[in-house]
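Quick notes on the structure that follows.
Chains: A, B, C, D, E and F, in written order; residue numbering restarts at 1 for each.
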Amino acid sequence: MSEEGIVKKLMYVNRKAPYGTIYALESLEVVLIGAAFDQQVSLAFVDDGVYQLTRSQNTDGIGMKNFSPTYAALGDYDVRHIYVERESLEARGLTVEDLMPLTYEDEDDDWAEKESLRVVDSSELATLMGEQDVVLSF
Amino acid sequence: MSEEGIVKKLMYVNRKAPYGTIYALESLEVVLIGAAFDQQVSLAFVDDGVYQLTRSQNTDGIGMKNFSPTYAALGDYDVRHIYVERESLEARGLTVEDLMPLTYEDEDDDWAEKESLRVVDSSELATLMGEQDVVLSF
Amino acid sequence: MKFGILVNEGPYQHQASDSAYQFAQAALTAGHEIYRVFFYHDGVNNGTRLTVPPQDDRNVVDRWSELAEKHDLDLVLCVAAAQRRGLLDADEAQRHGKDADNIAPGFRISGLGQLIEAAIQSDRLVTFGD
Amino acid sequence: MKFGILVNEGPYQHQASDSAYQFAQAALTAGHEIYRVFFYHDGVNNGTRLTVPPQDDRNVVDRWSELAEKHDLDLVLCVAAAQRRGLLDADEAQRHGKDADNIAPGFRISGLGQLIEAAIQSDRLVTFGD
Amino acid sequence: MSLLHTVNKSPFERNSLESCLRLAEDGHAVLLIEDAAVAALNGTAHTETIKNATGRLSMYVLGPDLDARGLSRDRVIDGIEIVDYDRFVTLTCEHDSVQSWL
Amino acid sequence: MSLLHTVNKSPFERNSLESCLRLAEDGHAVLLIEDAAVAALNGTAHTETIKNATGRLSMYVLGPDLDARGLSRDRVIDGIEIVDYDRFVTLTCEHDSVQSWL
């Protein structure tokens, strides 16, 4: 499903906590559909967006669907570049240990399991954002 | 239209700028309808809500209806207690001179025109809020 | 205790309607009365019968309709807010020359006075929004 | 220049749809092309033909329909977002056993792939939301 | 009179909790719901402010909203009571009025 | 590459302008639209931050959004250019990509 050979750098920026609003869930739905288009995809989690990746989400008490397991499946959709802003984590008292492990299997390296998630500081994330052809912000 | 003689202290709290969202306009619509119910009504403008009261709003360029003239008509609806938080004004570099004059005619004082709008500081507003039976927040 | 509940945002986009539903259920279970649930702003979108949510997710609209039927709740959509956003009952549709209506069972459309009345008649008004 | 426009909020509640409309008009006037306007999240609510806004206010939905007709615009509502929120065309209504549909002229319902496609095919994607 | 204030947005994203704390009187109660649950945690940039608030206000957080966001109940600031929806209802009864900071 | 960032919320209400300024690179452009127009004024609690930003970013504000909110164009911070929708379109063309801080 590449579009006449056009390959763009496409970043999804997630800045909102899950469940309070639907943006996190519907952003994920775009990412899953978008994975079929063979673009250079990355995801960034900034500000309250980092709460989307916390472990042990349990929505039984609010009667909503827990969609957090889907993040772990992103590797199967060939989404391999997931950036989390260090400053956002720190302001919230979170570390990478509080987040779900996100990995993919590298077919060029005997299907070794590798980390998709990388914590980057603001300046590195700024550089990455500045290199994008398209930024979809949720 | 008093409800079986019940008279409550009812405050409308407006915290959002106009036009970016509809809350300011639809809050005003509640106030106008509510005026028929003979309750002890007051309005508070806090945070970005103070922008609702600026003079010279002109919406020609954004193609939306300018509803700001309606605030000046609140006196005719017997809405006489309009509080603006001083700290919110100051943080935004605004003074009462930047706001529309809001008045009512006092039938107990030979229909003299009197100010409805009063600038109060946070502690006074906190006291007023604490005395309400119902707070409607927009 | 008699509660009034105000819901200011539509289904799914914001948690407001979910929180209001959980609160309403807990209040009813505790034996309290709900005088009225008033839907204002985008909250009127909770009253459409045309939603088709995913199978594995809750049905926000049906849930309200069912709660209303079970407890004889008064679910009111503000008419002015509803007209702006395309929520109509059969009468409203006819009056405005529209060829369809979309209101869900258990909801009715009425004026803002119903909100003021709920604020006056209820012991507590609890608001859920954005 | 070829533009894609993404609208993430419904009519009236947020300025997003108004800003997007003003931007689209300015782009078309300047001779640019609009590849697609995609409506996502509550943005799908811009596509209902059942709104009855006050006489003295703009009609957000009609304005889009008219702009689409004049400039042959492609206005697409995301199907998943639309189903959650109760926006249906005749086919969707039939498929899901609903007794009414509410989509406005000039809008069509399609998948999220249409958003990705717009992002790829447009020279610039401009998003308006909350 | 004593009011119950509800706040539903993260203090990292919006100013509603800040405004609530500025305008709530001593002895009032504040209940954190929905995305505001994140404000109840230790170790954040807002912890100090919230801790101070517990000295003059009764602070509560809705447990189901903590759980949904994967926020461990063990990390909740001392002095903030974790409540469920039943207790939310009781809190509204125990106070004279409810103010929602939207 | 140079990006055009758009921000549509008041910095008094939300953190989106702050995040935009943190993550926009030197030489990028920032356009304030809708409620973010209030950030363009002199004499506010955010003026100093915005003034500093004009040193490394090209800053713009949408005039029609100033006018709607009764914000006098005379009060706009020096170094912020007031633009109309036509110029908004031109700005998107002049930059390689547009990032909306929602």
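In this section, a residue touches a chain if its C-beta (ideal position, glycine included) is under 8 Å from a C-beta of that chain, and two chains touch if they have at least 3 such contacts.
In this text, all values refer to a predicted model and were calculated from it rather than measured experimentally.
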{"item": "Chains contacting each of chain C and chain E, listed by label", "value": "A, B"}
{"item": "For chain E, the least number of touch steps when starting out from chain B", "value": "1"}
{"item": "Label of the chain whose CA centroid is most distant from the centroid of chain E", "value": "D"}
{"item": "Centroid comparison with chain F (C-alpha atoms), farthest chain", "value": "C"}
{"item": "Cα-centroid distance, chain E relative to chain F, in whole angstrom", "value": "33"}
{"item": "Whole-Å gap between the CA centroids of chain A and chain F", "value": "27"}
{"item": "Between chain C and chain F, centroid-to-centroid distance (C-alpha), Å", "value": "38"}
{"item": "Shared-contact residues (touching 2 or more other chains) in chain B", "value": "19-23, 47, 62, 64, 134, 137"}
{"item": "Sequence positions of chain F contacting 2 or more other chains", "value": "8, 12-13, 15, 34-35, 64, 84-85, 97-98, 100, 102"}
{"item": "Residue numbers of chain C (touch at least two other chains)", "value": "12-13, 15, 19, 22, 41, 54, 80, 125, 127, 129-130"}
{"item": "Interchain contacts (touch definition) - all pairs", "value": "A-C, A-D, A-E, A-F, B-C, B-D, B-E, B-F, C-D, C-E, D-F, E-F"}
{"item": "Residues of chain F touching chain A in the complex", "value": "1, 3, 15-16, 19, 22-25, 28, 96-102"}
{"item": "Residue ranges of chain E in contact with chain C within the complex", "value": "6, 8, 33-35, 64, 84-86, 88-90, 92-93, 97-98, 100, 102"}
{"item": "Chain F to chain E touching residues, read off their complex", "value": "12-15"}
{"item": "Residues of chain C touching chain E in the complex", "value": "1, 3, 8, 15-16, 19, 22-23, 25-27, 29-30, 32, 124-130"}
{"item": "Chain E-touching residues of chain A, taken from the complex the two chains share", "value": "16-21, 47-48, 51, 54-62, 64, 66, 68, 91-93, 98"}
